[in-house]
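Next come the structures, one after another.
After this come two complexes, each holding chain A, first together with chain B and then together with chain C.
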Partner chain A sequence: MNKTADICVIGGGISGVAIGYFLLKNGAKNVLLLERGHLAYGATGRCGAGIRQQWGTELNCVISKYSLDFFETAQDELQYNGDIEFHQTGYMLLISNERELEQMKKNVALQNSLGIDSQLLTCEDARQIVPILNTDNLLGTAFCQKDGHLNPFHMTQAFADAFKRLGGEIMTYTDVTGITAANGRVTGITTNKGFIAAETVVNAAVGWAQEIAGIAGLDLPLFSERHNIMVTEPVEPILGPMIMSFSLNLYCQQTPHGSFLMGRTDDAQPRDLRMTSYSGFPELIAQSVVNVMPALKNLRVLRQWAGLYNVSPDNAAIYSAASDPKGFYTAAGFSGHGFMTSPATGQSMAEMILGLPPTLPWQRMDVSRFDSGELLLEPSVV
Partner chain B sequence: MLINTGIPTKEQVLSVFPPAERLEKGPVAVIECFQRIPCNPCQTACRRGAIKPFEDISDLPVIDGDKCNGCGLCVSMCPGLAIMVVDMSYSKDKALVKLPYEFAPLPKEGDTVTALDREGKPVCDAEVIKVLNTAAMDKTPVVSLAVDKEFIYGVRHFGSAGVPPAPYNEVSSQPDDISIICRCNDIDIKQLHDLIAQGFTSIDEIKRISRLGMGPCQGRNCVPLVLAELSCAMGKNVSEISPGTYRPVTRSVSLAAIAAYSESKETLNE
Partner chain C sequence: MYTYYIIKNSERGINLRIEAHPILDFKRGNPVSFTFDGVRVEACDNMTIAVALHAAGFKGISESMLKKRPRGLFCAIGNCSSCMMVVDGVPNVRTCLELCKDGMVVETQRGKGALI
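Our next item is the complex of A and B:
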């Protein structure tokens, strides 16, 4: 079965469906999206489901604020039949030492200057919001009420449904086996379901972005690393915000459903696209969480799973157009926060591909920054 | 396929049965454990060391027929109800089969019940000889049935006499709309049919969009039901449909217990 598309997006995670939606919204026609498994099979369906604006670089603040503003109206804009479960119960970032305090002061000042309503809280104020928080070893916290939780499966489905409503087509269980080019321009994609003629191809495979770029003859400075998450049984709501600590290496939130999600960065995790569970993880994350919120100690654990962070050298995303072959675009390197910035990814990639003026400063996110040294080093990641 | 249907093949069943000479000698446990999962209550329950020591907690149990006396301690300890005891020395014509049975109401001694095979199909009538349900058995009673000796490889369960249960693949005939499929997350059959009609046609997709299978049972109860529904809706055999990522919980553990794991390891090493 051979097909023709104006633009072909590879990857049915949040980034791919957002790019597809924003392309059509901005006037593109005949857009086809390919996914190797089912929608949200990869990193999106395995992520921590948090949305935050409290970043340490101007660029990340700007794109996350743009994305959060979009999520606030997404249910209506996308006319989704389900519930995307966007609950703005806040993010609380714990401050454990003087260095962290200095960084948070800088971050909050930066965020406030960009219209993000974050603030520093004393331990006492933090306990007003999270009574179960153990503040014994804390100097305070940073807090932003507008941050929160969003359901990754429903958000992906909401973009996908809107994409299809605007005329987009999605092919699942479709494996990209090759990308063809002639005279330095992309001409199409070979798949297990036949050839697709397309002069524009967008690599939104994220976890598998190097693989797809490699097929097109490009070498991107990315690697995919396994990260683990654990979830408990659901209980009545007792925790509003996402609790996060960079120095204690943890994040933990109670979902609207009542379960507690928790994750950390483990040392020496495989970078070979493995998504099996890591046996050393439960013990370490349980210790951190019980230490920070002792009241959770009797919660029973249901399962753990793993997904991929696609990591760039400066922990910031790459939005890039290849010079050879022309017509090949990449959105990758989200370093664990591609879900929460997906509207910015979608709008930016649409503008880049369609030649529209930039809403966000996406030119600075080009892969060439690693040669020129104009890095976007993000200090605030778990 | 066992992982899709929960039903082992005849070859698999025979591979775990003791040889005929051993069966003739008297009661012995038969362990139908085919999936490597981290689980060892059977091994630790046996006081005679008749289940060979595990090198890895995921090892499959192997019975030492010389040491096993068919006491049945392991039967109610197995969370997967995978163990029974067979006693060919019970009488001249009859064998005794001791089965774990977690259904209400429990039968009474002397009742006649319909013995069922591993697919739920009737095999023969059977007399209930004994019903054991002590506190130590932790709500997994053991029921002893007398059956004709020729049926020992077939009988694995039973139902009330005269009421054969619906065969596995026909469960979905015409249930009413409020039949609950996922008890952990309150998803009824109408919601499931709607999801299938919308194009969510694999266990993993249905799980992600609806939370089905994400609750405390981790799919143990609902996944077979959904497979049967998908089978009906798509005209495929259950064995052709992937059960998705399968993570059964033996017993859920608290955060504090997991957090204390390394401390307990250190204590053990001392």
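Our next item is the complex of A and C:
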């Protein structure tokens, strides 16, 4: 079965469907999206589902604010039949040492200057919002009420439905086996379901972005690292905001369903695309989280899972157009926050591909920054 | 609407307990009593709460999350969450694993249970 498309997007996670939707919204035609499994099979369906604007670089603040503003109206704009379950219950970032306090002061000042309504809270004020928080070893917290929680599966489906409504086509269980080029230009994609002629190919495979780029003959400075998440039994709502700490290495949120979802960065995790569970993880994360919220100590654990962070050298995304072969674009390296910035990814990649004026400063996110040294080092990641 | 599924607790009366078994020897322990939603239930301290309630004819011991349909003893080995009840004020107790104690207060759980 051979096909022709103007633009072919590889990857049916949140980034791929967002790129597909924004391409059509901005006037592209005949867009085809390929996914090797089912939609949200990869990093999206395994993510922590948090949406935050509290970042330490101007660029990350700007793209996350753009994305959050989009999520606030996404239900209507995408005319989704279900509920994307966007709950703006806030993000609370714990401050446990002087250095972190200084960083948070800078971050909050930066965020406020960009129109993000974050603030520093005393331990007492933090306990008003999160009564179960143990503030004994904290100096305070940073808090933003507009941040929150969004259902990754519904959001992916909402983009995908809107993409199809605008005329886009999705092929699932389609494995990319090769990318063909002639005279320095992409000519098509070979897949397990046949050849697809396309002069523009977008690599939104994220966890597998370096593999897809490799097939096209590019060497991107990316690796995919396994990250783990654990979830507990559901109980009545008691925790509003996402609790996050960079120094204590944890994040934990009660989902709308009532379960607590928690994760951390573990040392020496495999970088070989494995998504199997790490047996040492439950004990480590339980200790970290119970120190911060002792009331969770008797909760029963339901299960754990793992997914891939596609990590770039400066923990910021890469939005890039290849010079050889021309017509090959990459959106990757999200370093654990690709879900929450997917609208910015979609809009930026659409503008780049269609030659439209930039809404966001995406030129700075080109892969060439690693040669020029103009890095986007983000201080605030777990 | 769901009355078809309901086995009313008030329709108890049949003793389901096997008193003598040709092969097994039941070690039921010492007699105790506890309350289930205020009703006194006689049991033994080597029985689980769910078993004591089942034997006493209380089939509906919890309710489903969304539609509030009655739920009874199901897996009986601590896996399924069907028998979660409030025991002495603690919610989400798997009563199919928890042994009966004299004077304990067992209640039907409404909702997912509060953490504190």
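Just so we're on the same page, the second predicted complex is superposed on the first by the 382 of 382 C-alpha atoms of A that agree within 3 Å, B and C clash if a C-alpha of one lies under 4 Å from a C-alpha of the other, contacts with A are read in each partner's own complex, and residues count from 1 in each chain.
Keep this in mind: contacts are C-beta pairs under 8 Å (C-beta built on N, C-alpha and C of every residue); 3 or more make two chains touch, one makes a residue touch a chain.
Because the structure is a prediction, the values reported are computed rather than measured.
By the touch criterion defined above, A:G258 reaches chain C but does not reach chain B.
After overlaying the two complexes on the shared chain, residue contacts for A:I132 are found with chain C alone; chain B is out of touch.
By the touch criterion stated above, A:K106 is placed in contact with neither chain B nor chain C.
Contacts of A:H154 after superposition on the shared chain: chain B is touched, whereas chain C is not.
In the superposed model, A:R271 lies in contact with neither chain B nor chain C. In the superposition on chain A, A:I238 contacts chain C only, with no contact to chain B.
In the superposition on chain A, contact is made by A:V301 with chain B only, not with chain C. In the superposed model, B is the one of chain B and chain C that contacts more residues of chain A. The contact surfaces that chain B and chain C form on chain A in the two complexes overlap at residues 233-234, 296, 299-300.
Across the complex, chain B meets chain A through its residues 202, 204-205, 208-209, 211, 214-216, 218, 245, 247, 249, 252-256, 258-259, 261-262.
Within the complex formed with chain B, the chain A residues making contact are 38-41, 45, 82, 153-154, 157, 231-234, 257, 282-283, 286-287, 289-290, 296-303, 305.
Residues 81, 91-92, 111-116 of chain C touch chain A in their complex. Per the touch definition, chain A reaches chain C in the complex via residues 132, 233-236, 238, 258, 295-296, 299-300.
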